[in-house]
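So, here's a batch of structures to check.
Shared chain: chain A. Partners: chain B in the first complex, chain C in the second.
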Partner chain A sequence: MSDKQRNEKDSQWSCAECGVELTLGSVEVQYMGSRYPADLLRCEKCGQVYVPEELANTKMALIEKLLEDK
Partner chain B sequence: MASAWALPPKSLKLSRLFFQMDQTDLRELEARCIQECAPWCEASCPIHVEAKSLCVAIAAGKFAEAAKIIRKTIPFPYIISNVCDRPCEDSCKRGQIGGAISIRALEKAALDFSPFEKAKIRPLPARSGRVAIIGGGLSGLTAALELTKKGYKAVIFEASERLGGRLWSYPDSSLPKENIERDFQVIQDLAIAIEFNRSLSTDFSLNDLRCDFQAIYLAIGANPMGDPNLFDFSPSGFSIDPISFGANMDGVFAGGSIRRGDLVHSPITSISDGKRAATSIDRFLQGVSVTASRENEGPYNTRLFTSIEGIELAARVSMKNPATGYPQDEAIKEASRCLRCECLECVKVCEYLATFKGYPKKYIRQIYNNLSIVMGQRHGNKLINSCSLCGLCKEVCPEDLHMGEVCKNARETMVEQGKMPPSAHEFAILDMEFSNGEECSLLRHQPGYDKSKLVFFPGCRLGGASPHNVEKTYEYLTQRLNDGVGLMLRCCGAPADWAGRKDKYSEAIEALRDNWIGMGSPTVITACSSCHLLLRKAIPEMSLVSLWEIIDTHGIPENVGVDLTDVAVALHDPCSSRNEPEVQEAVRNILRQLGISSEELPLNRRFTECCGYGGLMCFANRELSANVIRTRIEYSAKDYVAYCAVCQDHFLSQGKKSFHLLDLIFGVKELDDSLKRPVNYSLIRDRRSFLKKRLLEKFWGETVRAFDESEDVKLHLSPEVRDLIADRLILDDDLKKVIQYAEESGRKLVNKANGHFLAHHTLGNVTFWVEYSRDEDVFAVHNAYSHRMQILEEPKR
Partner chain C sequence: MSKVRQNVIGTTQSVCPHCLNIISAEKIKDGQDIFLRKVCPDHGEFSLILWRGAPLMEDWVRPKIPYENPSPNSVSSKGCPFDCGLCPEHRQQTCTALLEITNRCNLGCPFCFADSGDQTEDPEVSVIRTWYETLRSSGYTCNVQISGGEPTIRDDLDEIISMGRSMGFRFIQLNTNGIRLASDVSYAKDLKESGLSSVFLQFDGLDDEIYLKLRGASLLETKIRAVRNCERCGLGVILVPTLVPGINTDDIGNIIRFALENLSVVRGVHFQPVSYFGRYPEKPADSSRLTLPELMRMIEAQTDGAIKTENFLPPGCENSLCSFHGNFVLMPSGQLIPLTRGGSCGSFREPEKAEVGACKAREFVAKNWGGVAPAYVCANDSQYDMGYWDTLLSRSRTHLLCVSAMAFQDAWSLDLERLRDCCIHVVAGAGKIIPFCAYNLTGSNGKALYRKKAI
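Coming up: the complex of A and B.
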């Protein structure tokens, strides 16, 4: 999937609760005692985030493994 | 003669190894792996020329590289490649299958087909210590060369007018004179002092030399004169230490033919003696022990094992022209016959050991290093967690080294250190806890009995695979056996044991033991070899019998009404049955009773392979587990029959039609193709809890309430989504909980294009994302995925 296709796919999600579009923002993530800021799409109103499938299965999985092996 | 390496004790307590493992323990364990032991050619060579590497280089046409290998060890290569007495060839493993490799001829070819190179020797800075070398033959010259390299001043006393001793007596056809001159050039280049025509006892005495020299090396050949005055004392009183070559005179060493007598002419041993004497003299001059750590000098017996099974006979490549030796093409052909001796017995039969591209000795070092890391990346975690712990390595290892024990021990240490990656085994541990929870576990005497002489323990995976088979088996047992057969549904604790979770393991075992004692300590009938193996180890006082032995003894069920005589299968023994020959035999008897013809797989019985589940391999290294399954199912085109539910599940997961032995016993000889799907833990869990309900209803007339409120959420999954989710180890229960949370809280995303919802919720240590749509009270799941990383979100709730 190209970046463009991915962006289009991701932009189709909106917050069902607040009815607003998701926007990119800095969110804290945490694993194995380490905290990092990460840019994720989220609802500005209620803070609900969106983690795309690809992100969970690739980059996040890789970082999880690296932190677990530390 | 140097002794071979001392064997490490086999009784070495592995349990304490890593926990407080020091370098000595590590070395003992590493030394059990013989892969790095020298091949026979190298060990039997007094100076350990690396003949295997030589053959590898020549086989690849790399003659200059081959020459380099020779020059590294042999000080006089142009001589030795012509006149060596070749102990290497006598010991060559190829000798048993077609004839030993012509190593000496290959050495000659290596030199013939590579440019002449002068020996490049840069002596160390000069040290104090003058050494008299008496005798300018191979042994004396080698010692002079070695001592000069070390920075000592060596003076050669030669009785004749030239160096080389008896080398000049070879005919030119055996040893061209220019080869001698070529090799001896180095003596001149290094300006080693030589006094020609100076003969011991005639021209000088040992005592004379001892005034000027701090050490003396006697390399005078086989004392052809038998001169009693040679040593200034009676020859019968002259002795030479076999390790240091020190004579019984301070500072005097002796080697070469004088040590061995005239009958054993061996140029290569003369060179070896010169090297060994030089080592002793160096140590003597430095005032350190001349005998310590001298193992494996000179020829020794290697501990290496190399299987020659299945290797085709190949005769020596004969030389078209023996006078000139091998031309390049013949040399390459001859070198290609080399077996490249190594052990790798375990690596040959174990996908896990092969996949990390090493062998136990390397792995043990990596594991030790991994456990010692205080800060930094632990690259060995996967190596430690991928082993199936099945013990096949130990069965094939000439030294009984069990990598599974090493890995399990390492896992326990990692857990104790708090360094076990949480994702490695968590799913399996939770699955075990589910099996041992209220929803699946069950303990009952046989209906109508208040005690149990026997108790049936089907194990968690058999119930998870086929509740039907458990039900029928229990019915069979209660009908065939007297005195009451109780029932115990739970997990034996193997997942916790394999995960190195001593806490969870002892918890599971203690609960099981209490249950068992509460029933009056009946004999336990196991249907799963892993349970059998584990219970025997964990509760030694427990009397155990395999279900297969019971069925073999009491006969297969009658009136099943299915003719199985047309069924032809290949039998797979589970790895945990490896050391249970009686059980394996009982299974074969049952197949005979059923009239089924079964084929034996190449690795069977004691040498059977794991299906990719053992040691929780499939959770820690899914790719490897898939490869293991693939390899195993390719051994035979026939359908498989297994007597472990996991093995059957694993084979089915890659499309191999596989029966459980109970399927056949109870008359199932056709398997639905729909069974050929990825292992699905949701189904396994559902079946386990169904089993409890079903058995309670059928045998004890009890009904069971529903356990979970999320049971109410009705799911619909297409077969593709079902497989995807099963593969991602996401349970239906997880899906239901996420959807339930989203529907109740309203926290979800919505897709503008298709109206799907996407919700996430953290359950335990995992955050699950579920994409779904709703059709009245049915939730259609379109996708699901998960991560362990926590998102610290939603500050504005």
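Coming up: the complex of A and C.
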């Protein structure tokens, strides 16, 4: 996340490279062969996606475990 | 034969099916098939099919760093498989321990690995307590399966289950033909209240002709009633078909469809290709054997590709050649999403610690083979709509289907390398822990290596 600059709220993130405010939109999330859309903050100019720490530690961690649970 | 000799791809040890003496054995490749060939100086040559076709045996690998048991229950003297206890040569922990609480049965199946049905006296509850204590002394907590005979024959089954739970065993499963569960929902409720986690239900198909041939009785309605009663009590069910070529191998797809239609109670299907130990009608020919890759391909064909061979993985706990498994989520649209994939994501070339695999397998079974968990709810990140992933996560709690199979070894197919990696163990007698396939091993004359001697 070093290329991202945090404002007061997640919805006020902006892309450090492009200076464009991130907006919530549909992005393809791919993990271990599974690829489905999800709504995440992204830079409309360069396509970089921001995953909030809170989301990474909850839903995404559970999905990761689900797909690695073998 | 000279052509065949050129294709020896490995050597191991086995036993003579007649005298059960240890003899060396060769694995021989013929096209995509692998055969086990061995010669007993007294009883001649034996050859049988081990593996037919794709996925190829050489690709079906998941190497393990052997577990070194710090306190084995027996010493190595006569050599594997004669020193079970477990002995210092054994390379894996116990994932599931079977407690055979009776040899009596209310069926007389033509196929029965336990050769059940005699009137041997049941072990006392105090003896069963010592079995639990033996397992506790291993330093880790394994899963327990109450087995037999038919365990529901005993009226103190609830006491045996609650004793295990009070001694710290969090996952206790009942291996049953379902007859008593079907006849009495209050009995199923009592078992649930005593701490039973899951029912390992003998379930050979959706056609009574199958039950008549395999079990000697029309049992389909009984099986379905048993499933319904488990559902009413919140007991998870694993359907366990014994697969016999020519009898029920065309019903594999129907069994999986039944499971998918009943995910409110059915947590998985665990296929067991027939093995020839205990009681069986006649000496096995190669045509009487179903190998794991064939079964994977049959599942793919009979589910019209909803489940693919590539969705199955070799085990992280027992020897790679002993089983396969795959996990699937049924989505609201009816689509079946595989959580397991082979190929680059599912290759296991780097050795893993055997005990780590055993620990993961115990956790997985305890988590997923019991009753259905409530759907996933996470309040603090609800502003992020993960769309399909949210549904997948939620449905993985409520609509997960585990499909697996285990290839047991008999006196013809026994590979002692595989046996030393076994994680399914029977506790018997004065606290001996014996790998399942060693415990059930019988020679061609029906003489057992351990069973009925150890109790």
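FYI, the second predicted complex is superposed on the first by the 61 of 70 C-alpha atoms of A that agree within 3 Å, B and C clash if a C-alpha of one lies under 4 Å from a C-alpha of the other, contacts with A are read in each partner's own complex, and residues count from 1 in each chain.
One rule holds in what follows: contacts are C-beta pairs under 8 Å (C-beta built on N, C-alpha and C of every residue); 3 or more make two chains touch, one makes a residue touch a chain.
All values reported here derive from a predicted model rather than from experimental measurement.
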Contacts of A:Gly33 with chain B and chain C, given as first, second, both or neither: second
Partner chain in contact with A:Leu66 - chain B first, chain C second, else both or neither: both
Partner chain(s) touched by A:Thr58 [first = chain B, second = chain C, both, neither]: second
First, second, both or neither for A:Ser14, with chain B first and chain C second: first
Which of chain B and chain C A:Leu22 touches, first, second, both or neither: first
Chain C versus chain B, contacts on chain A by residue: B
On chain A, the residue positions that both chain B and chain C contact, one per complex: 29, 32, 40, 60, 63, 66, 69-70
Complex interface listing, chain A residues touching chain C: 10, 26, 29, 32-34, 36-40, 52, 54-55, 58-60, 62-63, 66-67, 69-70
Contact set on chain A toward chain B in their complex: 12-17, 22, 27-32, 35, 40, 42, 45-51, 53, 56-57, 60-61, 63-66, 68-70
Contacting residues of chain B [partner chain A, same complex]: 376-379, 381, 421-424, 746-753, 757-758, 760, 767, 769, 783, 785-797
For the chain C and chain A complex, residues of the former touching the latter: 313, 316, 325, 327, 337, 339-341, 343, 345-346, 360, 364, 376, 378, 380-381, 383-390, 392-393, 396
